[in-house]
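Shared chain: chain A. Partners: chain B in the first complex, chain C in the second.
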Partner chain A sequence: MTELLLQTCVNAVYAASFMALIAVGLMLIFGVMGVVNFAHGELFMLGAYCVVFVYADREFPFFLAVMIGLVFVGGLGILMERALFRPVRDNPLAGLIASIGLLLMLQAAIAMGFGVRMEHLPPPSQATFHLFGLDGVVVALQRLYVIVGAGIVLVSLWLFLRRTRFGWALRACAQDPEAAALQGISINGTARLAMFIAAAMAGVAGALAAPLVRTYPYMGHSVIVTAFIVTIVGGLGSLGGAVVAAILYGFVHTFVTTFSDGVVADIVGLLLMLFVLVLRPTGLLGVRERD
Partner chain B sequence: MLAVPVHRILNREPKDACPDGVRDDGNQGEKPMSQNLHQRKIGRRTFLGATVAGAAMAGGLAPARLSAANKTVKIGFLAPLTGPVSAWGLPGLYGCRIWAEQVNAAGGVRIGDDSYNVEFVSYDNEYATDKAKVGASQLVFDEGVKFIMMLGGDTWPGVQRISNESGMLVSTLLPSDLSPDTPNLIAPCEVHPIYNVTGVSWLADNMPELKTAVICAQDDALGRPSVATYLAAFEAHGIQSEDPVFFSLETTDFAPVMTKLLSSNPDILCLDTAYADFVHPLCEQAHQQGFKGKIISCTADYYEQIIEKTSKEFMEGFIFQFPDFDDPALNEPQINFAAPNEFYAEYIERWPDQWSAVSWEYASIMDLWVQGAQRAGSVEPQDVLAGMKQGGTGKHAFGEASWWGKELFGIDNALVGNWPVVVIENGKAVIKEYRSIPDWWSMHGNLLVKHFTEMGEMYHQRG
Partner chain C sequence: MQERNGWGYRATLAAVFVGLIVLPHVLSFSQKEVLVFLVINVLVVVSYRLLTLTGEWSLAHMVIVGVGAYASTLLAKRLGIPVPLAMPLGAVVAALTAYVLSFPLFRMKAFYFLIGSFAAGEVIRLCWKRFREPFGGPKGIKLVPSFPDIEIGFVDVSFFDPVNYYYFCLIVVTVSLVLLHRFEHSRIGLTFHAIHWQDKLAEAVGGDTRRYRTLAFVIASFFGGLAGALLAHYLGTVNPNQFDVEAMVYVLVWVIVGGTATIYGPVVGVVTLTVVNEIVLRELGMDQARPLLYGAILIASILFLPDGLESLGPKLKGAFARTRTQV
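== the complex of A and B ==
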């Protein structure tokens, strides 16, 4: 039983790390730009396809593919901000619809370029480690990549937001864009930076997890649904809330899957969201907006 | 909802499915794409887009072959060509294209006094009920097909009413779709999931030391009847099984599922009828979490890739039900599939790494359809159905078979006979034996009924 509990905890840490990478990016876009980016799952998908193209098809090293995924998807994020979200900045509904349109275009583009079947990615490593000296507690190196990658990215983001002028500018824009603009902060530049960071986080999540998940053009769909649950539970606009909610959701979903089954776990995940919304309508760490 | 396949946008088949247009008849480009587009009442932009796409493709179109056939019969192919279930649709369409080319090149099919070229009209239902309904309507009423081949499962309810009202003959790979309310639905090739009992039976006979099993499946119309079948088979052969573990179709991480499965330290890991997209990560997780027993599964599509992700040693002895058609055992005299080894070679040459469980099945159903049509002397759906069931027997791909199913499905519309047990040996799928499904049923049929009933999968329990 101890081994089962520990293995489940290890699985939950992976699930939380994976989800935090995606949900925090989604939250960052919402916080700074006020856009509900439905295409965020497709940014995750593009990161995975960068690995397909660079690592699986061209046989370059895996981590080079991950870096290319980060830069490429981050760059696409900048493009999205300029071409898609900036023209409709004052209209959240238009931003949402624009992101849905982009989602369909990205799915179609990948389906045309790579086909619709699940991609085969040879594992970069088959190494596994037994934790705590127990045979029944195993973690694969590939899953460690995701856990460590998420840790590095999230800590870096936290330091960036807390310790750098660009980070302060981002937070200022998230809190009050007009006041930030009056202080000389470029709203456009800040939005561009937020979009790059958020897209790059989704891209790196997709790239690191590509050998572990089903990589196909519509893979973003299941991810975005969970990411929305996490952001709502965490509290809209709260990056810390997104991390806490990702951890909570990851543990709850993984434990319910292990001790009941996956179908029940999905239902419990939704109930968790309802439960939190009933008790705290603003989410775990969300702040009530002033009228 | 958000997963819109490419061909919906461009109003044409997905690239993988049909690079040469809407028709799959072997005589590529016989019907102009523009005609089909006009029938669908499309907008100007879509038309222009499709025209550009069509013009781009036109360079690749081969001229129609000359043929002795004087008529054309259209056959509908209504299956998932995109999405996670596409492995059980798209490869079947590829097989049909080879079949049609061979038949049409030989002068077509002689039925009554006429020769017919066979033309496949495909529609991607994305394994969605509503899309299957639209597809069936289009195939029956717009295209005038005489027979529709489906994967079935969750998509059949969308087609049932159209089939019943129009009298359209429809085939499914999943006999669990059959009921007394489906008089025009037949399962002439695959008796999923009943044939899975042959794998368990073979395993019990050859590895009697394995006594405990766990089962996992996606929670849908493919997974649940299959779970009932495996539970019955394990019970019949004295193998103790834990409660089955279900996971949702949206599952991305299979580590928790596998942790639960392996927590009871089973001898046998049963992957049920999990989709190919699920079998791969499940095997990978089983390997990573140190499973040492035997794996049994309905399918092992693209198993070479699973070996690459795990190891040859790990996959040694993996039991499933679908052979590669280069297997010498398919040349035995009772096999009713023309030149299986050559079919496989042609298939692999054209679509490398695309061979799946269904690559041959829809083509095999077409063989049975031709037999039925020739017996009836007509291509009309009800005549062909009567011709197929004439005498209560038919030539199934793996030998003589009987129309059966009343006890389990309420209707004798499943063609049941022998089925192969396939085992991976040294990295290659090998047919170990053909086992009789009717023989197993005569000994253990009550268990199958019991577990189908407990799972709510008997025909009278389904909604």
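== the complex of A and C ==
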């Protein structure tokens, strides 16, 4: 029983770290541009398909594929900012709907290019480690990649936001775009930067997790649902809240999945979000919205 | 608007009706089936528009349509209630569900409402998926009782024939549209418009916005549920995937491409896109490209035609008038 509990905890840490990567990116876009990017799950999916194309089909090294995923999906993020979100900046609902349009297009493009069936990826490494000296507690190296990768990305993002001028500019834009513009900060440039970072994070998450999850063109759906739950529970606009909520949700979802089943875990997660929405609409760590 | 009671307006209306009656006889069998779905979808989008009138965009409408479908199916199949009675009862169940959901949902606004409605809808849909008894699990319910044949003397009308079912749906949907239209132009409907444009002001002059929003939600869900019941008893099967987010996205596309300012907007949207879909994609054998095209249309209409296709008429008229005055 102890082994099962510990194993579930390990699985939960993995789930939480990969959710945090996606939810923090979603939150960054919302914070800086006020747009909810429905296509964020599809950016994750594109990251996974970069690995399918570069690593599984062309047989390049796995980490090269991950880097290509980062650059490619990040670049797509910049394009999205310019073509979709900038023209409709005054209208958040329009941005959301435009991203739904993009979601449909990306899904169809990948389905037409790669087919709708699940991709089989040879795992880059079969190595596993036993934790705590127990036979029943195992973590695969591939999962460690995701956990460590998420840790590195989140810490560097935190340092970037707190310690560099670009980071300050970005946070200033998130707090008050007009005041930031008056200080000489380029809103377009900042939005582009935020979009690149957020998209690249989703791309990396998808690329690292590709050998571990079911990779198919519609895989983004469950990811975006999870990301919404995490962002709402954490409080819109709070990056720290997203990380805390990702950990909380990772544990709740993994434990319910282990001891009941996946669909019940999804229901529990959605109900959790509904409760937060009804009782504390600003989320666990959210700030009160300005009127 | 002054033409509303004029002969021109009546003649157009009559011509449209004659067209709708003749239409199925010039189509192939598969196109007849599409026509039935199209008429049902018209009811879905028009009922959805009533909900958007109060300023909130719900992502649960397709699930509510599903509630109508499931309820009507279960009432007919398990309790043996005759189908013509089970259909409106299914719609009532959908309306009641919406009433219950309105308590948590209308504490939220704008984006929170959108996400909240999505969560609530997914919970219902996942319950259909999870609980085999009575919802049939992921595969849903098969062998839904179909609409009974009508036999009066020599006339024997079978509703297995898509043409007959089309006429039946056409009658139900037309009556629903007339009711919705009258409702919108009643005092209550005008209050909806007031809430949409100025909710604080509407509240200040004594409108209980929460109650009106709930009323719009319940009525929209009733007609949505009715559409679901029409669909279930025609298809003969209901399953959770028919009412997933993708289906909801298509409803959004139809409504946004058409526009929401008048009742004609969503109808124009759903008819145009269905025709494009059938003619362009199916004839070219590019069914897989459907989401690609829909996505592109959605983005284009958000960027270039934010008020929908319905705004195209007045715009063209305006441009025409301007060129004439210049000359």
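Criterion: the second predicted complex is superposed on the first by the 289 of 291 C-alpha atoms of A that agree within 3 Å, B and C clash if a C-alpha of one lies under 4 Å from a C-alpha of the other, contacts with A are read in each partner's own complex, and residues count from 1 in each chain.
By definition in this document, contacts are C-beta pairs under 8 Å (C-beta built on N, C-alpha and C of every residue); 3 or more make two chains touch, one makes a residue touch a chain.
Only a predicted model underlies this, so the values are computations on that prediction, with no experimental measurement involved.
Novice: Figure out whether A:G167 sits in contact with chain B (first) or chain C (second), or with both, or with neither.
Specialist: neither
Novice: According to the stated criteria, A:V263 is in contact with first (chain B), second (chain C), both, or neither; which is it?
Specialist: Once the two structures are laid over each other on A, A:V263 reaches both partners.
Novice: Applying the touch criterion given at the start, work out whether A:G75 contacts chain B, chain C, both or neither, answering first, second, both or neither.
Specialist: A:G75: touches no partner chain.
Novice: May I ask you to decide whether A:G240 touches chain B, chain C, both, or neither, giving the answer as first, second, both or neither?
Specialist: neither
Novice: Of the two partner chains, chain B (first) and chain C (second), which one does A:G151 touch, if any: first, second, both, or neither?
Specialist: neither
Novice: Mind working out whether A:L103 is in touch with chain B, chain C, both or neither, as first, second, both or neither?
Specialist: both
Novice: One more residue to check, A:A111. First (chain B), second (chain C), both or neither?
Specialist: In the superposed model, A:A111 contacts both chain B and chain C.
Novice: Taking the superposition on A as described, I'd like to know which of chain B and chain C A:R214 touches: first, second, both or neither.
Specialist: first
Novice: Which residues would you name on chain A as touching chain B in one complex and chain C in the other?
Specialist: Common interface on chain A, chain B vs chain C: 100, 103-104, 107-108, 111-112, 221, 225, 261, 263, 266.
Novice: For a test of understanding, state which residues of chain A touch chain C in their complex under the given definition.
Specialist: Spelled out, the residues of chain A in touch with chain C are 36, 84, 87-88, 91-94, 96-98, 100-109, 111-112, 221, 225, 228-229, 232, 236, 261, 263-264, 266-267, 270-271, 273-274, 277-278, 281.
Novice: Using the touch definition up top, name the residues of chain A that touch chain B in the complex.
Specialist: 4, 7-8, 11-12, 14-15, 18, 38, 100, 103-104, 107-108, 111-112, 115-118, 120, 122-123, 126, 128, 135-136, 138, 140, 143, 212-214, 216-219, 221-223, 225, 253-254, 257-259, 261-263, 265-266
Novice: Residue numbers of chain C touching chain A in their complex, please.
Specialist: 57, 104, 107-108, 110-112, 114-116, 118-120, 122-123, 126-127, 129-130, 245, 249, 252-253, 256, 288-292, 294-299, 302-303, 306
Novice: Hey, which residues of chain B end up touching chain A in the complex?
Specialist: Interface residues on the chain B side: 2-6, 9, 14-16, 81-84, 86-87, 90, 219, 245-248, 250-253, 255-257, 259-260, 263, 276-278, 280-281, 284, 287-290, 302, 305, 308-311, 353.
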